[in-house]
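There are structures below to look over.
Two complexes, one shared chain (chain A), two partners (chain B, chain C).
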Partner chain A sequence: METSVVYEKISFADILSVWGSFLVSLFISIIGFLISKIKKNINISWISALVSALVILVFSVVGRVYEDPFQAVFFDKIFFVSIFLISVFSILSVFISLSELDYKDSLSSEFFFFLIISAFGAILMTSSQDFLTLFLSKELMSFPIYAMVYAFRDKIGVESALKYFVAGAIFSLIYLVGFSFFLMSEEVIRVAEPKGILGVFGIYLIIFSLLFKGGTAPFHFWVPDVYQGAPASVVSFAGSVVKFSSFVAALRVIDITKIEFFVPLEALAIISIVVGVLGALVQKEIKRLVAYSSISHSGFIIFFLFSSGNADVKNYLLFYLATYGIATAGIFGLISLFKKNLVYLEDFVGLSRKHRYISLLIGIFILSFAGIPMTAGFFAKYMSFLSAFYTERILAVVFGAIGSIASLYFYFQPMSRSFMESVENTSSQVTASQEGEDKVYISPFVLFLISVLALILIVLGFIPGLFFRLIGGIPLSF
Partner chain B sequence: MNGELKGIIIAFAPFLGFLVNAILLLIETRKSISSKEHTHAKGHHGAGHSEGEFGITKKISAFVSPLAPFASFVATLLILPEKSQINIFNWIPLENVNVSFSVLIDELSKTALLYVTGVSTLIHIYSIGYMKHDEGFVRYFMFLNLFVFFMIQIVVADNLVQLFLGWEGVGLCSYFLIGFWYSGYENARAGFKAFITNRIGDFGFIVGIVLFLVYTGGVDYNKVSLLRPEQFFAVAFFLFMGAAGKSAQGPLWLWLPDAMRGPTPVSALIHAATMVTAGVYMVVRLEDLFFRAKELVFYTGIITAILMGIFGLFERDIKRILAFSTLSQLGLMFAGAATEKTYTGMFHVFEHSFFKAALFLISGILMHEFDNETDIYKLKERKPAERGMILSAGGFLICTLAMSGVFPLSGFWSKEAIISAVAETFGNTGTYLMLIASFITPVYMFRAFFVTFGGQRWKFSLSPSHDGGSLMFFPVLILVILSVIGGIFNVGAWLGEKYGYSEQIHHAVSPVLVHIIVFAGVAISYLVWGRGKEISERAKILWNRFYLNEAEEGIFIVSGRFLKYVSFNIFEKVVIEGFYSVVSFLTRVGGVLVSALHGGTPARVALMLILGLLIALLII
Partner chain C sequence: MLDVVKITLILPFLGTLVSLFIRTPWVGVIFSAATFITSLIIPIGYSDFITISKYLGFSISLYVDGLNILLIVLTTGLFLLVFLYSLVERRERKDEYVFLFLLLEALILPTFFTKNILAFYFFFDAILVPMFFIIGIWGTGRKIYSAYKFVLFTFFGSIFFLVSTIYIGKLVYAETGRLSFELEDFIRVVQNLDHTTKLILFLGFFIAFAVKIPLVPVHVWLPDAHTEAPTGGSVILAGILLKIGSYAFLRFAVPVFPDIVKDYAFYIALISVLGIVYGAFLALAQQDIKRLIAYSSVSHMGYVMLGSVALVGDKISYEGLQGAVLQMVNHGVATGALFFLVGMIYERTHTRMIDDYSGIAKKVPIFTTFFIIFTLSSIGFPSTGGFIGELLVIIGAIKYDTVLGIITASGAILSAGYMLYLVLRVFFGELKKSDVIEELEDVRGIEVFVLSVLSVLVFLIGIFPSPFMEVIKGGIEFVWKHL
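Moving on to the complex of A and B:
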């Protein structure tokens, strides 16, 4: 693919650092999981999950770009950025889950193990060199999440998990159909430019199934139900990591195969934006609302796929996915703090009176979702429009502009409610809130982590170039 | 001190003030929560009293807040002899479009910086006195400082994106400050109205920026020359939509009179002296662009100037009268900016900022003294001039004369320049319209003056104790003095030199004629409203018998009210609210339909997914 990249001479230390760090990380999480399973009264699986995420985080900082001798994975810049972001999101998800799950319960010990396995799948998925690795890593990412959705072991959870599983199975099938078409036509498993029409069609199907994972309409019917039924911490993981890896993988496939895919992509983007925005307008539950907003965000992310060959656009996509992931992790992290006391939009009424700081943080994340200036979301949206302009997809831009204006309405719903005081039945409100306050334990550490996320969004909202400097893209000159 | 440092001080000193105030606000909230809990525990019912105290946070805020714009002002004075373009940092570093965060210092921005920072320093000082007893003191100054920061961004921007940042920022602060006392439903509604109306303007502005970007491949001002002739009008039209929204011109005037619900110093600073002139500033800044659409700008401006003057005649609320006068003067500025000598518009912005700020601050003093009374007829009953509020009365007179353009007050110089420039560019039609506008100004402004201060025995004693205390007295005094001597700064000639108009202003219309028209306006105003108590008993009977009291309220009442009714109802009720209700209904129906597709059993989800896939395959 990137012929311009000069790979450094490969050394034994490099191979050791990649596969070694992965194996060490995997080993740690397995050990932690096993100990927690055998010794019923202790649960150290979350600690081992944290440590193993930290190991790959360190690797992403010290690792070097080189060529994979097995021809399975691209060890390039996007790979390292993906490892960095995915391990950060995983660490966040571990902490967020701790406040929501009963982690002393040995049953939840596999939760953290699954989380790490899924993160591994996501990492490999962003950088697969062939369609087989891509498929396996996609499934490696998905299967643990089906189980994680069911972490609460309640009725709505099992329904969501089943729906997610069925939907995922259908699109795995679609992927395999596409893959076999490609294989028939091209007789290679490497991601490559297809020659026959059958190969092109196969790649279409493969991209559809990747976009399905990213929650793009019209393959989005699982999104609202899964977001609603799953624990907030799982949604935070799924929203940040799964979306990230699916779209990066889709970008890679489109970039390498160089197929002209404009019209269907534009149509999918417009459908996603319309469905996401219209659906969100009438929702009464915060999780469903964010689910529909995530569908509309998928539409905006597709804008980047139009001009996938452009090096700038790759950086922009990473910026969008990173800031979107941060905002998703932040808002579901905050929701998870309240356990099940913050489900409906009506529950937001008077929130700012009880939890002033938390409602401020929710405000920042939602403003970033909405793409209001002075948050990172603004630049993310700006970049997505810019990418669409590069290839002159004007219709998509028009729908995007209308959609982002209309979306302001539902984004402001939770915010305006949280600053609103309920005038009627204040007495019942007070008793309810007092009961609620007894149940809510706000972990100060998680709150601190989420404040850092909010701070990052604000800083990037003023100086977006900082991100590119971090990932070594366009240099920022002060 | 090098130029770069000065530029940074100009651009960021108010932001520093904002940060300090934000920290103070956090401290104060924490304190007030604990003190509230304290008083609740004790069972006191007078919790509101403690908030009126002038505590330590308020003291720090009162000290820091005026200092922030003052620092910018001093830096502006120091940078006056220089001319530079300081690139502070690359804000949005993209490969094709590089947007820098910079400080552009030329004659135009220096002029604007002088009045923005100078007037806002005075108004900050005034506000300390005005808001002393308000519990939201720190919050108020936080937004005020933030406002100044964004306003400076508008002025010093060298590209459209930085301009847009300031543009949205001042709007945001403006909504917060209009709805500052957000407990009142009407106040919140006024803020909302300003928000909605500005959205229409901003929509045009964004489209304008995008067109500019697409046509020229950049957002810097100097890229204007890359536009092709046939592209000029579209870009100018959409950008002018933005300018009309911010400066409340044409059909977008609706929000400004309602914006007067905010604290009076806010009205003075934001809705009269600075923010609303941003539109004029942009038109002058992008003169090469707007020159291709000069008819659009001129006729929108001049028609607004005349219509708003007429509407001003039917208002009893002193702040709303001033709001209409602002609208009218803004129209004149646009008229000036549309001519070949664009700088005349900016010149009038500069001079206007002094007397309009002074007028608003005087109305603030009146409100402060008389329990927030704003009705001019009720203010008259309080007899402000007999109480020795000589600064208010005299200052109001001077500023009214200045606004009417009487020699040698500040307004004369700029208005004269505009009339001559319009006569040169737009010929007779333009000149007549300008003369009508100059006739209306004294009529409605002197109406306010005669009603409020007329028929009273003026007590001449210039002392701060009568006029709202020294914190409010001296800023107003300075502004009044500036309105008198504003002409000596010779900003017009200075600005004119930049554009190569070094020759003396050519008087196309004799200043004497203008003065005759102005004094005719004053005379009419005096005849109708000026005599107050001196009307004899017989005349009074006559006056009442012929219902001239009603006539006083509106010789033009039918026409004027009708016009206002039409533009208000047709435009606001039908167009804006109708549009919004139709759109919201359709989207709701769409939303219900869309969400009905979702949910259900896993089998249904699977079915829908397969249908979705079929749709996607059909698109291929």
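Moving on to the complex of A and C:
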């Protein structure tokens, strides 16, 4: 079945529209990067990055589903949804980075070029047809982010970047070992159903590596450190995009290879939820808190992988990752607006007095993380439980339920501090930074973009069906 | 298309949006008044649905019968009174206050209308958010602690309700090939399950409702939340939120799991009676007026739950159900009013301690009159609503199990004890000499209006119960049909 792909009725225009738009987009960003490097003008760099992201965004809307003549990528619905979301996150990230990072010290022409390259890697990773493309696109996505994490060029940044790099290298190593097992047994590089036991084992390792890349426990140690040390604008991009493409890729691999390994997946899900929730309970910094919550979210996302063959579940996974990505991008975008003044949970005390609107937005994103109704996060949680029930993974759901009770405590911390406490009645150690906050310039345009994200979460929180109508409905097929 | 029920549901949402832009307490008054008026003309027997996502089985099926119509009117009415009172209340950040209360009303109303269990859960859980902020922002004392306690306890119960719901929804999906969370589908699917599965699923439902009602082992959030919440928050919490639990027990848990309810009715009745007696004893020991009334809620909600499970033969006794539904309304009116009263006096004196008051009846005669009216209703004095409700529940309980009935009746004596003792200490005796008491002023204007409306209701139910009984009959038929 896999070998007899029929090349029929694909016009040159089709090939041009897909690979052409990619090439045009890539070309724009490279040329823009080079010119900005020569002319020493960063503006050219971010404008070209923006244009190239817009090109693929337009393509994702007008492009149509068909077979890739080069057999490298699935041009299916998931691919288009991924392009759409990732290009939107990239565009958003360009503006957020511009408002957070300093022109003189942190920002360089490379930054935006890296952003686009990473987005390309992430897009290809969601839809690779063979393990080699998957590996290369994974690396293409990861390497620019390692550099972007170090954008602040400070001590904690280099620690984060190095940790992220080493962790990524280890996961690549696991991937490669799995891939070589698979290759040895099956003698093909295509993602396919393995026949030998060695091939099955290889695919296990590949999936593990993808899940760890998405921030699953027990290999989660890098997540909080990277979130903490990286600029918030970079986390807003990486946190949403890396998780998105890793889990979509894992879903594809599991679905196509028809591997059934519920027990290890269930174990990983439970460990992630427990570690994520317990870790977040004791955090004092907002970035680390969200990082641990992202680990627990990885556990919830694994629920979808239990019944990956179900067409509904694919829709559900996209919904979860999209809404999770929006919330991550939104909350880190807001944190980035305050530069380095909103670090500790204590800094939230009395925030609503000065920045009522921003506190409200933070509340919306956090409620979505917590899966409270009225935000899209509730339906995301509902879908993850439903997906786990399709294959009767009851233990996982019970842990998920307990996890979401405990998680309410830490999710509500920033909100209770910003709305219910005021600076006078607490022993805030960071009153100095409170004064500094007044001087913070908050870009209205970025705030507007983030408000749109919050609005999307609210609308999807009441009318979740809108998402499925927008992505072209049901069912998705690979 | 748009009929009176949908308008009732949409108006508070509209108000929530408007209150974001027009920041005055009048927005709350106008929208809640409009909602109240439309809720008065809702026809009983109405049935329709708003489909939101067919693909996810999420629709708000609207259904009005004798079980919910009184609670709907109680909700809209109490909210109107809360908003009216907020006009004269001294409170900072009033615009946020109006926004959150309108949001709360918008979220509470659908829980009473819907027969879709997912939609019910959606709103049941969403209520936590405005309530968390209401307690946390305008509360007194340990407000943040109480807000967290309220949210964590309620969520602890409701998450397993969600898990049960989704599990049954998945069973419906396996049977029919589409996701549905409608009550009828649930009833059909669940009756084929084995006893153990049913019991586990039932527990998911029951714990959620038990925390909300609250029944005794899981009542510990209630005194803190009620005591520390601002006046309006306490009124809504006691008047309406607690009823969502007992209403949902009759609406969802009994029809979906009739045989489990019958098998375990005795245990549920036992903890209800325990709640009646234990709540009353705790109330006797309180020093804080608000906390005392909060504990009296535990006791009173025990009556509601007892009435809901008092079996006679293989049906729940008619009197018990009548009493339970009526007692929900009575408790909403009387306890809501008592919280209003405590709020009014707290605003004047800034103390709720019983010891700080003595003999204030001479100083505030109107206030005292109202307090005694609602006290009488609360203890079930004849000619007040409380009497009819408690009497019916006790009759049901005696028919079910004589011993339980006798203990329940003795609980009624205890409630007379703690409430009258409270009245005695606060209003009668020597007038206490202190600055705050010296300057104490009587209730006036809108405050009197709010209290008069509620006291008229108390006597209306007490003296002419038959129209209410006629309405409740439809609700009892609903419960009996599914037993």
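Here is the rule we go by: the second predicted complex is superposed on the first by the 439 of 478 C-alpha atoms of A that agree within 3 Å, B and C clash if a C-alpha of one lies under 4 Å from a C-alpha of the other, contacts with A are read in each partner's own complex, and residues count from 1 in each chain.
As a working rule, contacts are C-beta pairs under 8 Å (C-beta built on N, C-alpha and C of every residue); 3 or more make two chains touch, one makes a residue touch a chain.
In this text the structure is predicted, and so the values were computed from the model without any measurement.
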Once the structures are superposed on A, label A:379 by its partner contacts, choosing first (chain B), second (chain C), both or neither. both
After the superposition on A, what does A:367 contact: first (chain B), second (chain C), both or neither? second
Is A:188 touching anything from chain B or chain C once the two structures are fitted on A? First, second, both or neither. neither
Once the shared chain is lined up, is A:412 touching chain B (first), chain C (second), both, or neither of them? second
For A:283, select first, second, both or neither according to whether it touches chain B, chain C, the two together, or no partner. first
Applying the touch criterion given at the start, work out whether A:174 contacts chain B, chain C, both or neither, answering first, second, both or neither. first
Which chain makes contact with more of the residues of chain A, chain B or else chain C? B
Which of the two partners, first being chain B and second being chain C, lies in contact with A:268: first, second, both, or neither? first
Could you tell me if A:398 is touching chain B, chain C, both of them or neither one (first, second, both, neither)? second
Mind sorting out which residues of chain A both chain B and chain C touch, each in its own complex? 373, 379, 382, 386, 389, 409, 463-465, 468, 474
Sites on chain C touched by chain A in the complex: 52-56, 58, 107, 118, 121-123, 125-126, 128-129, 132-133, 136-137, 143-144, 147-148, 151-152, 155-156, 159-160, 162-163, 166-167, 169-170, 179
For the chain B and chain A complex, residues of the former touching the latter: 29, 89-97, 165, 168, 213-214, 584, 587-588, 590-595, 597-599, 602-603, 605-606, 608-613, 615-617, 619-620
Mind listing the chain A positions that touch chain C in their complex? 367, 372-374, 378-379, 382-383, 385-386, 389-390, 397-398, 401-402, 404-405, 408-409, 412, 415-416, 419-421, 462-465, 468, 474
Sites on chain A touched by chain B in the complex: 159, 162-163, 166-167, 170-171, 174, 201, 204, 208, 212, 217-222, 224-225, 263-264, 267-268, 274-275, 277-283, 312, 356, 373, 379, 382, 386, 389, 406, 409, 463-465, 468, 474-478
